[in-house]
Structure formats: C-alpha cells, structure tokens
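Note that the chains are named A, B and C in the order they appear, and that numbering of residues resets to 1 at the start of each chain.
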Amino acid sequence: MKRTLFNLFALMIVLGLALTACGGAAPAATEAPVVEAPAATEAPVAATEAPVVAEEVTVTIGFTASQTGAQEVSSKRQVNGFNLWMNQVNEAGGLTLSDGTVVKFAAQSYDDESTKERVQELYTRLITEDNADFLISPYSSGLTAAAAVIAEQNGKLMITTGAADDDTYKQGYTGVFQLYTPGSLYLTSTVDMLKTLDPAAKIAIVNESDKFSTAVVGGLKPYAESQGFEIVLEEAYASDTADFGPIINKIVDSGATVVLGGGHYPDGSTFARQLYERKVGIQFIGILVAPPDSKFSELGDAALGVTGPSQWEGKATHTEEEANGLGIEWFGPSGEEFSAAFEAAYGDKPTYHAAGGYTAGLLLERAIRNADSVESEAVKAALDAINIFTFYGGIKFDTSAEAHGLQIGHSMVVIQWQKNEAGELVREVVWPADVATKAPIFPITAP
Amino acid sequence: MQQISLLLASLPDGILLGFVYGVAAMGLTLIWGVMNVINLSHGPIIALGMFGTYLIFFKLGLNPYLGLFLVAPLGLLLGILIYVVAVHRVINAPHLSSLLATFSVNMIIIGLGTAAFTTSPYNVDFNMGSVSLGSTTLLGTRLIAALAAVIATGSLYLFLYRTRPGKYIRAVANNRSAAELMGIPSSRILALSFGLGTMLAAISGALIATFFPFSILSGGGYELKSFVIGVLGGLGNPVGALIGGLTLGVLEAVIPAFMETSWVPVIEFGLFILVLLVRPNGLFGAKQ
Amino acid sequence: MKNFQKYIGIIIPLLVIAGLLLYPAITGKAAARETAFTILKAIALASSLNILLGYTGYVSFGHIVFFGFGGYVGFYLLSTQGMSLWISILAGGLSSGILAFLLGKAILRLRGAYFALATIGVNEAMRAFINNFDLFGGPTGITLNFKAYLAYGGAAKALEMSFYVVGALAVLAIILSYIIRTSKFGLGLLAIRENEDAAEVMGVFAPDAKTWAYVLSAIIPGMIGVLFFFKNGNVEPHDAFPLHASIELLVMVMLGGQGTVLGPILGAFAYQGMRGYLVTSDFFKDIQLSVSGALLLIIVLFIPAGAIGWLRQRNAILRRVLA
C-alpha cells in the first residue's frame, strides 16, 4: 500500500513540476540570478546603475501587443513605430550618460490577444521574469487600464500610447504617463470646424459602446451643446455590430445632417461603408480611429469625405519653427525624417498609431537624458517636469494629484479623405486652419 | 407615427438579412436534427466561407456568386473531413464529448486561420447597386444574397425529399438503428449530413462577405445567432430555421425603432431562453 | 493508515494546492505567483463547475456568468460603496448563489444540449444587460481607485494577499467538492447523472437536488470574480463574461476527469500550464490555438474519461485512492 502511495506522490510531483515548468518557469533557469527576496518586486534592478566607467547597460522595455484579435491593426502599427525608434537609437550607439555609461535598449513583448485575460499576468512576467526597466502600454484604453495597475503596483513607469480614455489617469496613479490627447477632447476640434462650416448642423452621435468611445462622447456632447449645436440622436452600438442598417435608418429619421462617433477600426470602417452604400445624404461624417488609418482607403469611394481626429499626420507634422515660436524645446527627428525612415523600414506610410509608438520611445529617451540616469525614480521626476515639442507635437503631463500623468501639451488635427488630381484617395489635413493642407469638402453629399 | 416610418424603412432589410442568417442556422440545425450534435465549429466554418469569397474574388477574379459553386463543394468536403476525423468516434458518447470535439476543431481552424489571414478585418468591395423603395434603400448585394439563400433552401428541401440520399438522411434522423436495419449505410449518411451542414454554413458566410466586413474571428457572432435562430425555429427543423432567421432579422430591424440598439442582444437572448423554456420545439413547432 | 487511506481523496488535492501556494515563495518570483494565481483561479472555477457537470452530468456552457455577475456585484460594492473586500467577496458569492437558485428553478428542467444552449443564452443576455446597466458603469465598466489598495497595506501587499485568498477559495472549492462527493446528497446527484428518471423513482427529488448543486457550483465563482476584479483594478462587460472561458473550464474538467475531486485540479493545472507556455513560446505562438485544439481533440477522442478516469480504469488500487 505504502508503495503505491509513494508512486502516486512521485507521479504527482513529476507531473506537477513538468507542467509548472511548461507554465513559464522554464526560461527562468537560464536567466542570470537576480537578488531575490520575497519583496523582489520593489527592488530596483541593481545591475543597470553601477557607476563603472564606460560601462554599457541594456535597458529592457516591456509591453504586450495585440498580434491577434480586434485591436490588431492599430496595435501592430504602434509596435512598428516603437521598434523603429529602438533600432535607430541602438544603431546610433545608444545613449551616453554623463558618467560615460552607454545605454542601449532591448524590447520584450508578448501577444495579449486583444483581451484583458492575460494582460496582467504578462505584464507581471515582463517586470519580474524579463526584468523590464520601463513599460509601454498595450494598445486600447481597456487593456491599458489593466496593465497600468500592475505597473503601478510594482513601481514601474509606464508610458501609455494608444490609450486615450481619461479615466485611467484619475485613479491616483503616479507612474503612468499618457502620450495621446485624452479621449474627451477627441472630437471637440471637429465641432470647432463644424461651427465654421454649418453652425445650424444637426448632430447624430453614434458610438461604439466601450470605454474609449464612451469617454469621447462624454466630452463631445456637452461641448457640442455649448457651441449651440442641436443633438438629434444619441445611439450606442455593440462592438461587434456588422449591420448598421437599423441605426442608419434612425439617423435619417432623426433629421441629422452630421454624424459623429464610431469607435475602433473594424466597426468604424463598417459604419462608414454602410453610410455610403445607403446614400442617406449626410453632409458631414466624423469617425474615430478608423479614418486616420491608411487601410481605410480600401473602402474606396465610401471613404471619400469621411473625417476623423488624428493625433499626428505626416502632412501636418510639427516643426522646429513651431516649437521655437512657442518657446518650447524641440527634440528628435523631423516629421519628414521619421516618415522616410518608417517607410523604408516597413514599406508603408506611418499613421498616428505608428507615430505614437515611436514617440513613446523618444519620450523615454529624452527623460533618461534629462534624468541622466536609468533609475525609475529619477526618470519619473524627469517625466513630471518634461515640456518638449517633437514632430508628434507637444508633450507635457498633468502633475496634479487628481489627474497625474494626463496629457495636456498635445493637440490633435482633423483629417479628411479627399481625391488628388490623379483621382487617388489621400488623407488631407483640414483642421486647424493654420496647418490645413486642403479646405474641407462640405457638404460631402448635397442636402 | 415616427416609429412606423422607421419600421417600414428597416423591415425589408431585416427580412433580406434574415434569409441569409437562416441558411447559416439551417446548417447547424440539420446536423443537430440528424445526429444530436451541436457543431461548435460552425462559426469558424462560416468565417472560412467568407474568406472563400474573398480569395475567389481577389485571387481568381471570379464573381462572388459564381464563387459559390466553388465554396459549396469545398464546404461539403471539409464537413465530411471534420466528421471522419473528429465527430465519428464520439457520435454515441455523451453530449459533452461531441461538444468538445467540435470545439477543438473550432480552435484548430481559428488558429490556422489566424496564422494565414491574421485577425485583421477584410472587405470585399463588391457593389451591386441599390434599389430605392419609398423611404428605404435595398442594397443589390443583399437582394441577391437573399435570393441565393432561398435557392439554397429550396435545393436542400428537394434533396431531402426527392432524392435517395436525402431520404436516407431523413430516415437516419428519424431512427438511426431502424435505418441501419433497413440497410442504410448510416456512417456514410451521417458524414454526408455533417458535410451538408457545413456546406450551408460556408454558403452563408460567402454571402455575408459580399456586404459585411469580416475577419477569421467573425464567425462567433453568427454562430450565436444560429443558436438563437435554431431554437426559435425548433432545433432539428431546417425549414423552421429559415422562419427563425426571418424572425431574427425582423427583430433586429424592429427593436432599434423603439429603444437603443445596444438592447437588441438583451432581447434576443432573453427571447431565446424563454422559447427554450416554454416552446422547446420552436415558436412554430408542435407544442410538447 | 486506515484513516489516512480513507481521506486520501482529499489529502492529495490539498497537497497540490499547498504546493502551488508555496511555489512562489520557494522560487521568490512574482511572476511565479501570477502563474500560480491563474492556475489556482482555474482550479477553483473548474472544481466548482465539476459539482454540476461531474456529479449531475448537466453541461453548463455559460458557467462564467456566475464569475462575472457575482464579481460585478461585489466589485460595485467595493469600489463605489466603499465596502471592504471581505464583505464584497461574500456579497459576490451570495448574489451568484441567488442567481443560480432562480435560474436553476427555470432552466434545470431542460436536459442535455437544451440546457447547454440555455446557459449560453443566459451568459450572453447577462453580458448585454450589464452593458446597458448604468449603475455598473454600462460599457465603461467600473474602475477601482488606486487608493483603495492602501486599506490593504498598499498595492504590492494587496496583490500578495489576493494570491493567498485565491488559494483559500480553491481549498474551499475542493473541500466543498469532496464533501458533496462523499455525502448522501452527492450520491443522489450521481444517480441523477446516471439516469435522472430512475433516480426519481429511487427517491431522489431531482429538481431540488439539481438546483442545490447548481447553487453550490455558482457561489465560489462569484467570490473569485470579486477577487479577480479587485486584483485587476477594473472591469468591463466583455471581460466579465467571456464565453470562451466557460468552454475552457469544461475542457479542464474533461481533461482531468469529470466527477472526481482531483480531476478538475489536474485538468486546470495542465490546461493553464499548456496555454501559458504556448502563448509565450516563440515557436508556437502563431499557431498556439491550433496546437491546443489538436491536443484537446486527441484527448476527447481517445481518453474520454480524462486523466483520472483513465488511471482509475487501469488500476484497481488507484480506483480506491483517486476519489
């Protein structure tokens, strides 16, 4: 009897060990033994700051990316942008700190499958197994909210890009810094433009019912009303909506002349296509996220005239003169240099998601330089104090206790798909007027 | 009054979509009716049908409707393959086994599909114009899809009631052991039925792709719709599925006229549970 | 020895949990703790599902609805009403239990695949409803203010504590599962699984027994939900009711062997371990879903009784030992 029991235990233990090893502990064996205490999560990575002359340290930047799932399109562009920055810095020989230490960068990432289920496990893994020194957010507000908790809990800095929702920055975090203009401001500039086009427009707000889009609408609605617009319809739809027919009929029925809303890429592009197919005579369409993506032109004529807010556009990139005019320090490559390098690397014109990924790296680079250190506390202080201007635009963070890390230095532009002389669809910047490359087409269909 | 004009605008569209949903559900319900298996790989097969249209349209340059004649036999063969590999061994096992077996097929297809197509949305930019009817606009693609759906249903009906294999299928569905005693090769008939079920799923996917964007993950939503339709029309009743599809299409068109669109799934699934409880043979089936 | 042998069915499962709880402390890695958390959570959920699935044979495809619903109720109390984590966890378990009781009265009348379909419907209806339910934040969900962790000694401490709480809940689920398995009530459930009509004839009042099994299988998922959302710091409707997670739970129970105490534990262990490995492995990550699917298919086709069932069939002594 005893023997059987013993065998059974042995079996259990072997099985258990084998499976746990599979479960992710296996890589640990090959890693350098880091000083380990139960509270190891709090300990700064000791290896990176030893003040030896001309030492080279590698700073690991961790993030998850949506290689599959609903957020794939935008997430991949963001990662490409980030990788471009990293390769450029490393090829240029890294950063040199005042004590002669050369800092190089390495990235570690996992696929989060666009779901929150494993985001926290993966970020913990990035911090503790892969010893990531700094973190970049996943793409989308929901995933970022989950990842930010882990970053904050472990005292790691996280630069968020592709995460515009305001809410995350009002939860008392101190180490999460937002690169994007907050969601509540996404469509306010579109309203400003609309006011110059048709102050009597009747607006239908139709948005995806998710965290980000709801935040956008939360800012849009009061602003549009304060500007004297009448909102004739408010409608939220499920993220996986494929048939917008009933909603479009409601829009027609409400007498709206303008449609504002959308959500993320898949639903936004579908919505735009069906608005076109039904020829419902809407004079102006403003949709989130989808229009600024190059893939949007696949819709063909349905894309024509559709506008959307963009964090950055190659055609209206920010310049050093602009920075000088504002009296803010300029940093990094010009927009043209970035676009050319991105196109050379990925064969594709960069979108704002790509620019966001690149700038996340650029911001970190600048903060490390300012701090003259790669230690989290010093870099955090540098980020708090930062006020720079890059090709992507201004970067400055709210440092109040209520909304620490909220972006307050950056502004957005509005793009519209128009046809060039050759009849090809191109994204033109139509607002603000001082950076616009073309006048907006209005109305896009005769009333 | 406003609601009525909205209703009139949305109804025709809902009916057209309903036919296509009905074809998808028919595939599910046929398999259920013949072998008591809920096919959890239904969704990914719908998605494969969508990609079938995409590849035929872009790579072969064929008209998507002609492409149906390619998608359909491929769907049939795929179904027979799935039956032989994954379902046959568990056909007499408890429900859980066949559910999990078809779910693993689901995972395999989605995994391979993700590797091949990624999960990005695809669009078949195919326009057949539109017809204006009073306050509503009917899209050509949907009209043709509804027509194709009706033809598919009609053919299925003729096949089941007018041909020998079709009669075999009905016999096996009715009483498998008795059918075997009569000399009907039940394994082959089961494989054929499974193939027909996936063929219908693939056809509906191919039709949907002509007017909605899709990704390899899109099938899941239509699979859930198929469950709802199957139950509304009575599980195991292919003609009921078409009626169930129409019901769902109409509901989706009608509900937004009265409340926010985001309430549609609440009502759909609420109705689904209610029908399961009160009329498990479907809204139009015989009362139990 | 005799006593030891008698209780071996509970001792082995508890040893597994103890091992998992100690594993992070031994390796001293927080990542190990996260991995162990995921596994413990899966063990607790799978063991709970097993009470319904394994003992009564009712296939619930939407069991995650209790995780989501209980979690939402508790997390609402915690974040918006400022209640303590403990009360919220209890409230989450209670509300899931009540939901299961009401649902059970209605849908447990359905048998076989009809029941399975109804549970899918319940999950989807609940998700869609919460998405429209403004009290719980609607589509935006609920976010916990980071300061809330201060009450538990700061975020790092709160995380560590969550780990031990999930361990405690897993133990609770296993003990519950064991008690039911060895009780007369459990015997009645097994009779229902074998033949519901015959069981009724033999004096098991099936509707009540099934309902209570359903309630008992729902309480711990509700509690886990509150804890998980607390640890996550936020929740949105589509994270709370993932249908595929329900199916994964079924897979775990199936892998290990339904109707046994140890089976779901091993199944959860194996499944989570495998997924965790495949997702982060460079070689498999592109087709990890296909690999998981193929493995599952092989098991379903060739070892339908699951690992424990298979061992039991092979060996008479194991049959006695592996409850």
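Remarks
Just so it is clear, a contact is a pair of C-beta atoms (placed from the backbone, for glycine too) under 8 Å apart; a residue touches a chain by one contact, two chains touch by 3 or more.
Only a predicted model underlies this, so the values are computations on that prediction, with no experimental measurement involved.
Viewed as a network of touching protein chains, the structure reduces to a complete graph with every chain in contact with every other. When the interfaces A-B and B-C are ranked by C-beta pairs in contact, the top one is B-C. Centre-to-centre separation between chain A and chain B, using Cα means, comes to 37 Å. Averaged C-alpha coordinates give centres for chain B and chain C that are 32 Å from one another. Of all residues in chain B, those touching 2 or more other chains are 114, 260, 262, 264-265, listed in ascending order. Listed for chain A are residues 209, 236, 238, each touching two or more other chains. Shown for chain C are the residues in touch with two or more other chains, namely 128, 131, 139. On chain A, the positions that touch chain C within their shared complex are 1, 4-5, 8, 12, 15-16, 19-20, 22-26, 28, 36-42, 67, 110-111, 113, 115-118, 120-122, 124-125, 127-129, 142, 145-146, 148-149, 152-154, 167-168, 171-173, 209-211, 213-215, 236, 238-239.
Listed in rising order, the residues of chain B touching chain A in the complex are 2, 5-6, 9-10, 13-14, 17, 114, 118-121, 123, 125, 127, 130, 136-137, 139, 208, 212-213, 215, 217-218, 221, 252-253, 255-257, 260-262, 264-265.
Contact residues of chain B toward chain C in the complex are 32, 36, 38, 40, 85-86, 89-90, 93-97, 99-101, 103-108, 110-112, 114-115, 224, 227-228, 231, 235, 260, 262-266, 269-270, 272-273, 276-277, 280. Only residues 1, 5, 8, 12, 15-16, 19, 23, 25, 27-35, 37-39, 128, 131, 138-141, 143-147, 149, 155-156, 158-159, 231-234, 236, 238-239, 242, 245, 266, 269-270, 272-274, 276-277, 279-280, 285, 317-318, 321 of chain C touch chain A when the two sit together in their complex.
On the chain C side of its complex with chain B, the touching residues are 53, 57, 59, 61, 106-107, 109-110, 112-114, 116-118, 120-122, 124-125, 127-129, 131-132, 139, 247, 250-251, 254, 258, 286-294, 296-297, 300-301, 304.
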